[in-house]
Amino acid sequence: MSQQFSYDIAHLIGATVLMAGFGLLYQRRVFAVLNTFAFQAVALAAAAAWQAHVQHAPHLYVTAAIALLFKAMAVPFALHWLIEKLGIHRTVETALSIGWTMIVGVALVALSIMLVLPVTAAASALTRESLALAMSVVLLGMLMMITRRNAVTQVVGFMALENGLILAAVSAKGMPLVVEISIAFSVLVAMTVFGIFFFRIRERFDSLDVAYLESYRGDRS
Amino acid sequence: MLIAGALMTLPLLAVFAILAGRRDFSHGVVYAGCFVASAALLAGGLQYLGGHSGAPSAVLPLGLPWIKAHFRIDNLTALFLLIINLSAAAASAFAVGYGGHLPQRRRVTPFYPIFLLAMNLVLLADDAFTFLVAWECMSLASWLMVVSDHKDAENRRAGTVYVIMAVFGTFCLLPCFGLLAGPGGDYTFDAMRLRELGSLGGFLVALLAILGTGSKAGLVPLHAWLPLAHPAAPSHVSALMSGVMTKVALYGMIRILLDLHGELSWHWGAALMLAGGVTAVLGVLYAVLQDDLKKLLAYSTVENIGVAIIGLGLAIAFKGDGQKELAALALVASLYHMANHSVFKTLLFLGSGAVIAATGHRSLGALGGLLNRMPWTGAAFLVGAAAIASLPPLNGFVSEWLILQSLFKGPSMPHWAMKFGVPVVGAFLALAAALAATCFVRAYGIAFLGRPRSDAAAEACDVSFGMRASMAALAVACVVMGVIPVTVTDALTHVVRPLTGIDLAVSADLGWPWLSPVSATRGAYSATILVMFGLSLFAVAIFVVHRLGTQATRRADPWDCGHPEDIPESQYTGPSFAQPLRRAFGHTIFQARESVTMPEPGDTAPAKHTVSMIDPIWQGLYVPLGKAVDWIADHVNKLQYLTVRGYLLMMFGTLVFMLLVVAVRQQL
Amino acid sequence: MSLDALFANPLLLILAIPLASAGFLAVLPSWRLASWLNIVVSGTTFAASLTLFAHRPAPTRLLFIDDFNVYLVALTTFVGFTTAIFSAGYIARESAAARLSDLHLRFYHSMYQAFLFTMLLALSANNTGVMWVAVEAATLTTVLMVSLYRTREAIEAAWKYFILCSVGIGLALFGTTLVYLAAQPVMGDGADAMAWTLLIGQAAKFQPDLLNLAFVFLLVGYGTKVGLAPLHAWLPDAHAEGPTPISAVLSGLLLNVALYALLRFKMLIAANPDTLAPGPLMVLMGLSSLFLSGFMLMRRGDIKRLFAYSSIEHMGVMTFAFGMGGPLANFAGLLHMTMHSLTKSGIFFAVGAITQNLGTKRLNEITGLTVSHPALGWGLAVAVLAIAGMPPMGVFMSEFLVVSSTFARQPLLAVPLIVGLLIAFAALATRLTGMLFGEPQPAQRGHGGRTGLSSWLAYGPLWLHVTMVVVAGLYLPAPLVQWFETVAKMLG
Amino acid sequence: MNAILWQAVQILLVVALAPLVTGYVRWVKARLQGRRGAAPWQPYRDLYRLLQKEAVIAHSASWIFRAAPYVTFASVWLAACIVPTFTTNMVLAPAADLIALVALLAVGRFWTALAGMDVGTSFGGLGASREMLIASLAEPAMLMITFSLSLVSGTTAPAKIVAFVLAGNVGIEVSLGLALAAMVMVAIAENGRIPIDNPATHLELTMVHEAMVLEYSGRHLAMVEAAAMVRLTLYIALIATLFAPWGIAQPGAGAIGALLGLAAFLAKTFVLGSVLALFETSIAKMRVFRYADFLGGALLLGLLATIFLYVSEAV
């Protein structure tokens, strides 16, 4: 197939991931957030798989698999279970109104495109486009962590951020496997650590709202 | 080499002091060792003051690896070695009898040798790094001795203010040397002498040098720490801090401004001169109103530093104007005053130490009548007081005379700033000298004369031989330096020659005993002849009186206008003595206010007279500064208490900001 | 790999020892034995690292040693060793006070070695990816140690630490990817495009715009771990709430490692002529850290937070120095890294002893140390004066170089630097006076003084570090100077 | 040779003339107040009588109390020997210039003040404190006068100034006038005359100098009185020499010149003495705390004198 075609597909999938990122910002209910996140992970898996196909880099299939199984299924289920078990109330508490969040998100996308534009020579168009998309996803993930109050939504924001990272990694031509492994590794550990945390927090508090944790905030002198 | 050996022994003494501090004899041993070492350094200074060319230097593989540590002894260094180690030797000898009995002696003895070592190294250093290391060690060692009596919160506060001001000084000298060394970073003094500073560079170097060394010397308004810190230390240390460390600071000022700095414009001379004048007057005004003997001495140090700096400023102004001869004269005068002040201020602080040792009191209000009980200390202190009051034939007057002589030539400069500035500074200087006399009449009269104001003072008896001997030696030095001034000025001309490039004729066309700088027609002064003449007149007077009149003498109660009061409280006290001056000067400068509360008629309670004064510089400069810092700190401190989201927001903001920066710079 | 390979390459040995012992200590039941074993193992690691000076192994795909990391490796293993010694005494007290269960202690020792391993890996990695993994792993291990005490404050600190550093590390990964993207067209696909030894040679040909972009992400990412304001928030709490030996290695080593990573990338940027100068951004971060910590120091009531903020201050000074660049400033920055980690870990040894002796972390409850515990008090005095930049200690030398050289080049930049340093010093001096002098506290809550072995364990490392810092301030050994100078050149 | 001779004459002259000058001023004052008054040579008798009386010393007094009168007298005498009165050709004249003169007088004051505080009575302290206040303003004023004179004549040595003025290099100058005014005010203050102090009073609250020496008696008192008399003569001579040097013999002028100079000096002295007496009788003493204003005025006049020189230079 032609270079152009493969590029369009990659672009399309990348755009889907980004849209999912916006979707995360848009949701008002925690479960919906989880579903959107799962969708984003699926799209990510697709992107990885497509890159594997295009670059003839079989190891990227592993990444795709990880993304699909772990992020698209395991994590959402785990969080789902946590919410059920700990009886977290189901609405997203926003620090910044959804409308504004969207506007800021758009601005961030514009910024990342502006940043990537000068990158022309040598770097293939493929890299450039997906780079812009990946950076936008990263920034949107961070934006979500900032503008959402629940611990769960923060975790999801963090994951979305990492999705952006993976998107960048997979679209980087021939980047060694070590990186994907490390990401999977880190995400895994991240989850376990979160789990431990929630567990401890459960011991102490009835809610997962971070605000409870921050009641002390160090050194009151 | 004598000097090297002496410097080696000092740190060993410190180690010994730490190890053997528990044994009481150890303190005596350490101070004796310090005495020997400083005597050796004194000899070394004498040996090199000859003024023969080719100053000996040494390089040790220490400090900055590619610079190493350079040491050098030129005439200036040799002179200050002399000044410093004379007082240091006296103070150490005094401390042999004194330092062992202090309550916190173990917190003083180990740092004392380090202090001496550091001060000497500052003089010997020939590169910026070594200089600053020694400079800062000097501050730290003295700081630790200031807080040695640490249970007293006042001392702790004094120590904190002191060390912060000291570091402020260092942080002024650091960039100053940075500019002198240039971006290449060649920190040796030789390289600095060769460097061409631009106009801005020259300006900054001069400014920073004056701030840095001035803050250590006690130049108003950077003097705030001095009257707090100097009295807080034990007296033999106060003596060194006031008498010696301030001279080290002035050495630094001379070294940078007149030696390292290529050419300095006369403006700086004018500025220094005015600053010195203000410092002198303010310092002595503070001093004359103090009731604490050591605080009084510390403030008088501020005054004398001001006087010395007037001379220095004049020298710089003349030099900038190309009038080398007058520059040399002013510089000689300034150096002479530094030497004098280190001698008599050390003497006076040691005297105060003796008083404290004998009575346990520092406040004038608890002293009195000590001359009859401590004749040696009293006599020595009297010499010191007369010298610092710049009375002939003692040394204080010689330097004042020289400074006035060079000041009177100031209007010969073409700049109107000098033409008008010089008379004003002259008035300041004269006022300062006269007030100094008042200040020490008051101090001596109330502490040593009259009747004792406390039992401790009544039972006081004179101190041990060593302490008396060291004070006596300094008193003799005051007299000698006053009576044969020409010998001293001859030595000083060696020092001045390389700095001003001219050989000053201090006794022009009149010969040895006549001090008549530049030319005899300017006016001359010969302490030698005055002393002989005056002594003979004194003898004649006594002889005649005893021949014509009766010798009969009777001891009786004081007459006191017919109604003598036998309670010592009826005497004039410090505050009452200062009252006229307080009304004349203090009302505006210190907002001194007096309030009298009279009891109701029939009420037997005593009437109360209270005086309130505020320190204008502390209130006007330091307090607002502290408030500003506190305000900022309070607001910055809120960042400690944000939520995790808040911190994430800060991160995110930083990231976006930097991305924007990159985006913008890429577009450009 | 086979054993002879291990001994052929000391680097492998240095990495293998902590890794293996991490596993072994995890299963060792007796914490007492574990604490001693911990000392022995760290000691052998240190000894092994010394062999690097003798002969330098050739760089492999994964690991390499050059002038820059050789002394950092040695420093890390050394401080790791002394901290292990201190920790033995500290742990004994803690379990005596029943603040830590045996299980926790076992976990603690194993994590300690794992932490050392990750840091050594990060330092010696010849691959940007591996380095990133190592730093991430270091974060995770320390998170677990910070939360060791399970108190509410500890958990909040760990939570803060984890969230902020994970985000930061994520950004750092993005930066790493960007660098790979910049290199890939030149170096071709695969691991070559991530090997320092190969990258540095070709850096001139890389895609400059991508490098610029990458550096921003790396600065924010690794900068978070360095603790530069305003990314610093995790640092004070993590230092304050974890066990004190961990605070010592956090301040003394982990921050250095993060800064090392940042500087490696700066070398690439510096080697490429077309990139925007990274200096201004670093200078900006440095100054902001300096000022923030300077004012924060004035308001601290908790001794461990106090010195945590002082770490931020010094990281700011280093970043400033490297941002200024040039042989003098870079030399100063490298020297400052070394001196700071020695001094600051020493200070935390003292702090640990103080908190245990007096049973409090509140500054206003710590007074008269020179009276009640002379050895401890004076040791603390020297260490704090050193960290405040007083001669004849080593930090003074580096601050002297930074300030003077900066002022000679950019007077306007030096002014805020000086003001910041002065404010920080004023705050520290005030606190120090309060701690050393005045009436000592009646030792009712704490264990009071120490005697015999326990005092050696507690004060020995402190005085060792203090002595080294004083000596270094007066005399720097020639090889160290030579390494610094070569690295300073590479940093541009 | 002459120089030594004239110096010897000067030494004797000042000490011999001093009591007469004081007595003369008192006599004129008495006359102006309509009293007959004591004869001008009365002070000689007083001094001699005091010498015959035994000296009473308080128990608490130290050796300073006994030494002070002699030191004071010697220092004032020494100062007086150096001011050229009838000739500038004196061997010791160069040993001290005006600055040194001011300092020599300060020595006397220093000791007197200490002696005043030595016994430990309230009056002694009161006197010393006020005396030092006056001095701390009068001395700077005196130095500023010296400054302006040295600016005019380029020297601080009185002999040289006289020579310079006699050579006719100076016309009438504003600054010299100001300097003279300042000088007179200083002289009044330093000699404790009305309006600053009243030499005749023993009313406690107003006295300054008398309060310091209240405890003295016998030969010590005689010394103190003598010192005061010599100081008055000295100041009169100083004003006469610096501001009206006419008639003073220069080096080279022989015995005749010297005698003429002597006559001129005597004339000037008695004129000035009469003026002083007239001045004192015509005004009232001022309050203690207005001294500062009075002498501050003198100081400012001295400063103005120097500043005005530039104006006269400029034109």
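As written, the chains take the letters A, B, C and D, and residue 1 is the first residue of each chain.
The rule is simple: a contact is a pair of C-beta atoms (placed from the backbone, for glycine too) under 8 Å apart; a residue touches a chain by one contact, two chains touch by 3 or more.
Keep in mind it's a predicted model, so treat the numbers as computed, not measured.
Closest to the middle of the protein, by Cα centroid, lies chain B. Comparing chain pairs A-B and B-C by the number of C-beta pairs in contact, the larger count belongs to B-C.
Greatest centre-to-centre distance from subunit B is found for A, with centres as Cα means.
Taking each chain's centre as the average of its CA atoms, subunit A and subunit B sit 69 Å apart.
Between the Cα centres of subunit A and subunit D there is a gap of 99 Å. Averaged C-alpha coordinates give centres for subunit B and subunit C that are 44 Å from one another.
Here the CA centre of subunit C is 78 Å from the CA centre of subunit D. Contact of a single residue of subunit A with at least two other chains is seen at positions 115, 118, 142, 145, 154, 210, 213-214, 217-220. Taken residue by residue, subunit D touches two or more other chains at no position, since every residue touches fewer. Shown for subunit C are the residues in touch with two or more other chains, namely 159, 163, 167, 171, 209, 213, 236, 299.
The list of touching chain pairs reads A-B, A-C, B-C, B-D. Considering their complex, residues 159-160, 163-164, 167-168, 171, 209, 212-213, 216-217, 219-220, 224, 230-231, 233-234, 236, 276, 281, 291-292, 295-296, 298-299, 326, 328, 368, 370, 385, 390-392, 396-397, 399-401, 403-409, 411, 414, 418, 421-423, 425-426, 429-430, 433-434, 436-439, 473-476, 478, 481 of subunit C touch subunit B. Note for the complex: subunit B touches subunit A at residues 640-645, 648-649, 651-652, 655-656, 659-660, 662-663, 666. Interface residues of subunit A facing subunit B in the complex, by the touch rule stated above, are 95, 108, 111-112, 114-115, 118, 139, 142-143, 145-146, 149, 154, 210-211, 213-214, 217-220.
Every residue of subunit B that touches subunit D in the complex is listed here, in rising order: 368-369, 371-372, 378, 382, 386, 389-392, 397, 401, 404-405, 407-408, 411, 419-420, 423-424, 426-427, 430-431, 433-435, 437-438, 441-442, 444-446, 449-451, 510, 514, 516, 520-526, 529-530, 533-534, 537-538, 541-542, 545-546, 548-550, 552-561, 564-565, 568, 570-572, 576-581, 583-584. Within the complex formed with subunit B, the residues of subunit D that make contact are 11, 48, 50-64, 70-71, 73-75, 77-78, 81, 92, 94-100, 103-104, 106-107, 109-110, 113-114, 116-126, 128-130, 132-133, 135-140, 143-144, 146-147, 150-151, 154-157, 160, 202, 204, 214-215, 218-219, 222-223, 288-289, 291-292, 299, 302-303, 306-307, 309-310.
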